[in-house]
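Two complexes come next, and they have one chain in common, chain A, joined by chain B in the first and chain C in the second.
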Partner chain A sequence: MSGQEMIGANPSVNSKWNLRRQTLAIIVISVLLLAAMTVSGFLIENEKLSVNLEARNSSPSLDHLFGTDWLGRDMLARTLKGLTLSFGVGLLTAFLSTIIALFLSLLSSWNKKIDHGVTWLIDLFISMPHVVTLLLISFAIGGGFKGVVTGIALTHWPSLTRLLRAEVMKVKTEQYIGVSRQLGKSRWWIACNHYLPHLMPQIMVGFILLFPHTILHEAAITFLGFGLSPEQPAIGIILSESMRYLSTGMWWLAFFPGLSLVIMVGIFDLLGNSIRKLIDPFHGQR
Partner chain B sequence: MLKVNGISYRYQNNGPWVFRNFRLAVQPGEIVGLCGYNGAGKTTLAKIIAGYLKPHEGEILVDEQPVSSFTGIRPVQLVWQHPEKSINPKWKMKKVLEETTDLDEELLSLLGIKSEWLDRWPSELSGGELQRFCLARTLGKHTKYLIADEMTTMLDAVTQAQIWHALLELAKQRNIGILAISHNQHLLQKISDRTVSIA
Partner chain C sequence: MRTKRISLYILSQAAKLLTLLIAISILSFMLVSYSPIDPIRAYIGGDMLRVSPEQRANIEEYWGLNEPRVSQYLNWANSILHGDLGTSLLYRSPVAQVIAERFVASLALMAIAWLLSGIFGFILGIIAGMKKGTWIDRLIKGYCYVLSATPTFWLGLVVVIVFSVWLGWFPIGLGTPAGILEQDVSLTDYLRHLFLPALTLSIIGVANIALHTRTKLVETLNSEFIWFAKAKGEKGLKLLWRHGLRNISLPAISLQFASFGELFGGAVLTEQVFSYPGLGQAIVEAGLGGDVPLLLGIVLFSTIFVYVGNLMADILYKVIDPRIRKEWN
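Entry: the complex of A and B
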């Protein structure tokens, strides 16, 4: 070992691709892939999605990479369009869920009774199966885009709320909160200035990790027929329609859209975990 | 006058009393030393007098008004033993000082706070430097009484002397009453007008 190297240092730390750089590279690549997917989804014109009966039921080829369906529509274009829609729904619902989680966790810092109420609400929502609550809410609102968004937003906040509440409870007992109160600061001021900076890493990672959940559940209830309307090219619709043609051997109808969905969700998961590794490195030690 | 009027405290209902019927008075400008063995309840007492905890019996009066009736910046402030615990690690030092709205610049130079420290994070300052900020933060114009709970225990002798010199001078200037809590009998005898003992 040369004199300049630290004694006992991990040799991989000194190499060009240390963990930090690897994580950053993963984040950049994931973001690029997701951006490419969204942009291409927007660029696809509606004529690409139009019916072309001459080319119907063709298996994957160079002309149609994902094959075509029983109406001759190009499955690659439909999948990309569907993923873009899912992306939008996922973004909106994950954002709304995070807002609810933040609000409730800050509320639980108020006093013990409200904290009990919030904890009870978390337990209540966690004890019910996600999809059942989701279906009920979505159905009650009347389905469609609004029903799906409301349903998902109202069912995905509990786990993040529990995480944020625990963080708030920890910070609440710190001495500087007491000092702040002695200096005459209001609860609202303390929440915004003391709690929020501590919650920020959790919120960002939680938001990104909510994404895969919301997208999968959107696809799930659309697949079951309670979600988006059938004329929208959502992944859930594509999958549920293709079920009828699977028995005739048209495997590509379900395989490629399903695979793309799994890949997108996987990328999001990877992105969330990498960002957590970067901004909250002590997570594993808790 | 800061008047501690026969307070009693225990941590659990029906548990043992930490202290009963404790009485103490601090005049403006007076420095009272308080000593006691480990676990005698010095810090508990400090928290009660500063209003962090409520006593089970008795009351704390500042100029004949109960301390709990004050709103805004409280007249009795507490400086904790561990400065690194009483400063939000996610804040820059500038923001720590901005939390006190009625601070004057003179105080910062008296306490030896350098302007280049203001742009740093708490983890980039030493314990002594942080304790100066903690002290500055509690010494706004509204502060009439200061409770120094083992304020300089973890600092070296030189820093300890510097901080106490600055504080004593300020107390004289502004007529602030100080309750100094410490194990260190010699320190208390040096700085205080009289000492009392708990338990």
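Entry: the complex of A and C
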């Protein structure tokens, strides 16, 4: 991710809006947008989602910005509910994946054998196509919310683990770790007091940059029919339902919900990369 | 010396593949065996009520469902070693045959998408890298970032809306026209049904390779030999052809080979949108219908598929790049 040109203005032209400020502004705006998306989904009451046969199949208008479906439900309300759900699943799974990644990377600092084991596990998990692994785990658990969360949490840790492990390996050879050892500190103490603070920036950025993947994969697996149940207003459900109505020309059923998901994922991407630029400027700006 | 190294390489790769397949098969077998889906119910389907408990017990006995999991696994692994992947419950034919048939259809789709996304991604990456910092670079980069945030299946739906529903140029789904016998289907029919799924998969695949090529080219253009060439007065396409292309093409090609996993995942989703009768649709049906033999078969097959891609990327590096080749010899 390269810095300046992505943001637009040349930082040297306007000194008041230097790169740091621009990045901060982007972070604030993205957080606000995401908050608005998620909170509005919470605030929408369920009656907005109720069936209203008089207004069914209407194309986008001022009353229904995203149109209505074959039962007259407002698509904007359904989409916002879906985004909130996506955010929730994304938060939970990204958190779990990060925990797994942190645990495994700290574990690999233990000794060479365990490190080999962890590397082998990473290779094992990336040797299957992502979607296939997800599908298999979801199948084993029997689908539903539990299946999706377990599946996504168990498939998204490898890349972050690799990153964190490399970092741990680098720090491990530092002198102060050796000194700490000689002073009789336990491995646990060293992990908590030396490795963890060092890994924190990577963990934060990695956590946020996991969101785009987890959200997209949740939608994908739900779309395929292995994920959330059809009663839930998930984006994947909305899109797979819309497939039956596309041939009759009801394009808004698929177009707007999907576009909203793209925007949400895009904002997460932007947010993660901006935070990286802020806390790790040397790598972030390349 | 050289043959010895090469045979050592082949041996180590074969061992790697073997351990990988064993691990994956154990893992996936374990997962599937804990699934709440009842294999007998999945096999018998709607006639479940007509099956008496004794008959059920007989089937369990016959399938060896009473045996401990370890011996179940060993039975399954043993028959795989003898080339028998079992019988698909949904298609009522050998799993190997179903996979072979479906893979041909998927291969056509994936090969086209792989080539097109590779070529266009590479070209876009070069344009962006050469014009770094200009509006065209920003445009290409923005396009790639948007694409990487786009779910494959949604793009497929948009493509259907535009090309099938609005313009009516292409059929909405399926691999062949409905209601026509298989031998009557012409090549143009096949191609017409292949076009939209391939287009979707190609568009999605462009982002990764374009961004990667761009970064590589920018890096290369900042190196000293390029400055020297520029000082001699070389510029533009000639500079790229003489000094840039070699340095960026190899990473791009091997990246493209290493992306077989994403390609397969994209194919699963695209085939679902277009009801295209490929391997991806088969695995979804197998999962939803509780067809365990087919599901496990495709899992193993996709693992080999991804492995072959990674292996080719590895070999290409060794064969093409003279520096790595020299180390290797």
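FYI, the second predicted complex is superposed on the first by the 270 of 286 C-alpha atoms of A that agree within 3 Å, B and C clash if a C-alpha of one lies under 4 Å from a C-alpha of the other, contacts with A are read in each partner's own complex, and residues count from 1 in each chain.
One rule holds for everything that comes next: a contact is a pair of C-beta atoms (placed from the backbone, for glycine too) under 8 Å apart; a residue touches a chain by one contact, two chains touch by 3 or more.
Keep in mind it's a predicted model, so treat the numbers as computed, not measured.
Ranked by how many residues of chain A each touches, chain B and chain C are led by C. In the superposed model, A:139 lies in contact with chain C only, and not with chain B.
By the touch criterion defined above, A:131 reaches chain C but does not reach chain B. In the superposition on chain A, no contact is made by A:166 with either chain B or chain C.
In the superposition on chain A, A:24 makes contact with neither chain B nor chain C. By the touch criterion defined above, A:175 lies against chain B but remains apart from chain C after alignment on the C-alpha atoms of chain A. Of the two partner chains placed around the shared chain by superposition, chain B is the only one that A:185 touches, whereas chain C remains out of contact.
Counting contacts as defined above, no chain A residue meets chain B in one complex and chain C in the other.
Contacts from chain A toward chain C in the complex involve residues 2, 5-6, 123-124, 126-132, 135-142, 212, 216, 219-220, 223-226, 239, 242-243, 246-247, 249, 251, 254-255, 258, 261-262, 265-266, 269. Note for the complex: chain A touches chain B at residues 174-176, 178-180, 182-185, 193-194, 197-198.
On the chain B side of its complex with chain A, the touching residues are 50-52, 71-74, 77-78, 80, 82, 85-88, 90-91, 95, 99-100, 137-138, 140. Of all residues in chain C, only 20, 23-24, 27-28, 31-32, 34-37, 132-133, 137-138, 141, 145-146, 148-154, 157-158, 160-161, 164-166, 172, 215, 218, 260-262, 264-265, 268-269, 272-273, 283-284, 287-288, 295, 298-299, 302-303, 305-307 touch chain A in the complex they form.
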